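Labels run A, B, C and D following the written order; every chain starts at residue 1.
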Amino acid sequence: MKINTFKYFFRDCFRSIKKNSLMSIASVISVLSALVILGIFLVITFNIQHITSEMEDQLELKVFLEKDISVEEMGDLENTLDAHKDIESYTFQSKDEALNIMSNQLEQYENILKGLEEDNPLPEAFIIKTHSAGAITELNDSLSDLDGVDYINYGESYVGALIKFNEFANIMSMVVLVILTGISLFIIYNTIKITVFARRKEISIMKLVGATNWYIRVPFIIEGSILGVLGSILAVLVIRNAYYYLLGLIQGQSVLMMGITFAPPESVMPEIMVYFIVYGLVVGAVGSLFSIRKFLDV
Amino acid sequence: MIKLNGVCKTYDKTEHLALSDIDICISKGEFVFIVGKSGAGKSTFMKLILKELEPSTGEIHVDDQDITKIKRRHIPFYRRKLGIVFQDFRLLSDKTVYENIAFAMEIVETSTAVIKESVPNALKLVGLSHRAHYFPDQLSGGEQQRVAIARAIINNPYLIICDEPTGNLDPKTSIGIMNLLKDINAKGTTVIMATHDKDIVDLMQMRVIALHGGKIVSDKKGGYHSED
Amino acid sequence: MIKLNGVCKTYDKTEHLALSDIDICISKGEFVFIVGKSGAGKSTFMKLILKELEPSTGEIHVDDQDITKIKRRHIPFYRRKLGIVFQDFRLLSDKTVYENIAFAMEIVETSTAVIKESVPNALKLVGLSHRAHYFPDQLSGGEQQRVAIARAIINNPYLIICDEPTGNLDPKTSIGIMNLLKDINAKGTTVIMATHDKDIVDLMQMRVIALHGGKIVSDKKGGYHSED
Amino acid sequence: MKINTFKYFFRDCFRSIKKNSLMSIASVISVLSALVILGIFLVITFNIQHITSEMEDQLELKVFLEKDISVEEMGDLENTLDAHKDIESYTFQSKDEALNIMSNQLEQYENILKGLEEDNPLPEAFIIKTHSAGAITELNDSLSDLDGVDYINYGESYVGALIKFNEFANIMSMVVLVILTGISLFIIYNTIKITVFARRKEISIMKLVGATNWYIRVPFIIEGSILGVLGSILAVLVIRNAYYYLLGLIQGQSVLMMGITFAPPESVMPEIMVYFIVYGLVVGAVGSLFSIRKFLDV
């Protein structure tokens, strides 16, 4: 095909967008609407991931030491911890610190614990942070046999529940995302189909004066892509601004949030942007391609 | 050049035969009128040659090619060699007059320079230079018809099919258009024209094929359906 | 009955005058042809009377009513008293022939019994009884035109406006339609008809108003644009 | 208007649905898609409400008694509790029970707490369930001054957080619902607009042969309502079956759910059904009414 032909294609598709402006605007709004819904869910999904990964970060392993641990054993233990690849950091917790923390955590037993101060029965401990939640159980096994270690506590049921919840949340949000992607695809494809349908007479005229299928298709595909991308860019802008606005609203209301932080937009938006623009482009182009098919039978 | 053998056409769902048992042979360079009552099958005949419709039975040869056997993707290339004026014009409503005509050239990848020269010429021939940048729905009936004629002749087709090309034109303009078609025919292009205009048929004294109820009832040189 | 005073019409955006300074007076019961070259302004004139368009300047009186001053919501009631044949037919594509004609009666709340009697009669008058249940795009050009004519006369309007009602009809059918219009006219209905058909105008010997470039160039009884 | 006219309206709108079946199907799918998305969110919202109300149900007030409480004081207290309108039920917790529960809850301190068994320092308590979470703070005030009451504990910060979270979740889901309702309205209206646009020529023809605006509008409005209701009924069916399917999948996987139960479909679906059908009807009718407006100017 000549370069001129492509010039014609672009000229025609811009003209058609202008001439059928009502339908063009409607298509863009459809893409926009469908993607904004998808965007809301994506942001929610990213935030769930963010929150669970923050919760994972807070997981720790408490290695309680034997009451009569020797200095040597203590040194060996520290060396082992230093060398272990799964361990991110660790701190030492003395008896007093332990009691302090316990009475802070257990408000309701504060009074009772006060009596223990003189003869503190709590053991010393190493508090270990791991690189990943998955490493915790392994680490538990490998550390518990070491000399000087009394027992290890890592909130077994809590870690298990968290990992399960994590999996569950991931599966659920994937399912919802797939469903929503499907639905929004449906909405956009539908809109394109009606707009193409409204122009079926034009298509048949083109065929009757000798235009090949590709000659007719290409401007439609270009038009579909342009409208799709336009809609997706608008959707990205809407999502972005709404998210910043929401974060602004919530900032300072930390009481509400119970210590939960939101995923930073800088990390969320680029992914959504790329995803949306590719989506808008592909759905617009492929949607046009399929919608036009049946009207080319002249 | 055009040969129909035992062509019948029934539209789906309707039992009724729009064309029945048509045998025609039209040679290269001929000028043929198709006349007949409303509903006689003239447009159906035109649509068969254009491959807008398929015959129910029979064979249609155009330029030594059995067009009922053309492959789907070769149809556009077949149509490009024809020039067609449709009874209902069929202009592209989102293109101007100029662009409607240029479009027929663009699809055959004519160079821009040639397009820029040919289109204004064609518009001048049909007397519409002053309407080049109007859209079809801003034109009168006759003006739309003339745009359709200009589009049909722009690519120098070897066969021109005109369905009622003067139905919306005043006698003077009609005669102008007929002279145009005569000139084109004189250069060797075959012309098939369906018309009701008795005056024009009588004036031109060309071959006249008369249809009635889907059958050929007369085929001779001379005036409009001589039996009347 | 119809009176135009200094009516001009320019279409928005185009400077060009489609009608300029038209003064016409048509009495009740007259039969008037409007003739003129393609683009002369005939359809524009028709559309003004139908209130499909508004005049740029001037007054239009129909039946002693200044139609430029009719309230929006009274327009439908004004139109119901007219019968119009459009140059491009304007049939409802999702209704059959029968329903297209019945629709014009349904909107004026004619009883079903009357509809069931009148529509087949009208179809018979235009020779389309056998096409009652076809959809418009299953009809030939001339058949569509006759449906439009049947629709225009069905409500016994006091004024019939026909824009090129025989453009797609063969001479014989045309004369049938003209006789139909003549009969209706004889019963007192005013008829205004734009046409290019010299034969018909010559035959009928009625009042002929000739337009050229949007101006009235002649207005007399007799043949088609006598100057030609 | 005559009764016949209404017959014509219905005949015409069914005919038009059939004749423009591609566009009719597309409209129904648009309504369906938009409402399914809305439905997913509604189900999520109902479940959040369900879960928070379950959490509220589990709230309890612990009234610790003075060590030297007399039998009389005890009797008075019980009478007060019996008579109090905010109290749903209460149970008595002895010292031993308290220690038992504490050591169960605090796995990690199990060893330490064992030492306390002989000389149990924990007080006796009444554990009170209230009718609503809101009543807890009030009850705290009114009970703490009574004779024999040492102090009251009700996880102050937890209750506060729960109420706040409740409010937050309610506001968020209302916001999301309002936004989604708006977007789905947009999608449906848009689709209707394009389908009406595709039929603008028919509309202008009707006007030119003398049909009044209402005569033209009514069949469109009926058609819009029918398609809207059809789409919404389908949406209800989709949501209903998907929800039952999901519940079926999850049943027995209680580990995953950490004790959380789902809102029963019997309580969720009727509300959604009524909401959707009214929505489909109104949006279809009003959408058609507005879409047709500009094409009536002939």
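Methods note: contacts are C-beta pairs under 8 Å (C-beta built on N, C-alpha and C of every residue); 3 or more make two chains touch, one makes a residue touch a chain.
Quantities reported herein were computed from a predicted structural model and do not represent experimental measurements.
Under the touch definition stated at the top, subunit A and subunit B share no contacting partner at all. Using mean Cα coordinates as chain centres, the one most removed from subunit B is D.
One finds 28 Å separating the Cα centroids of subunit B and subunit C.
Chain centres here are Cα means. That of subunit B falls 67 Å from that of subunit D.
One simple way to say how far apart two chains are is to compare their mean CA positions; for subunit A and subunit D this gives 24 Å. One simple way to say how far apart two chains are is to compare their mean CA positions; for subunit C and subunit D this gives 62 Å. Taken pairwise by the contact criterion, the protein chains form one closed cycle in which every chain touches exactly two others. In summary, the structure contains touching chain pairs A-B, A-D, B-C, C-D. Subunit D contributes residues 1-2, 4-5, 8, 15-16, 19-20, 202, 205-213, 215, 298 to its touches with subunit C in the complex. Note for the complex: subunit D touches subunit A at residues 22-23, 26, 29-30, 33-34, 36-37, 40, 62, 102, 106-109, 112, 115, 121-122, 153, 155, 157, 160-161, 164-165, 167-168, 176, 179-180, 183-184, 186-187, 190-191, 193-195, 197-198, 255-258.
Listing the residues of subunit B that touch subunit C in their complex gives 11, 14, 35-40, 42-43, 87-88, 134, 138-143, 145-146, 163-164, 167-174, 196, 198-199, 224, 228.
Remark: subunit B residues 50, 52, 73, 75-77, 79-80, 82, 84, 86, 90-95, 103-104, 106-109, 111-112, 151 touch subunit A in the complex.
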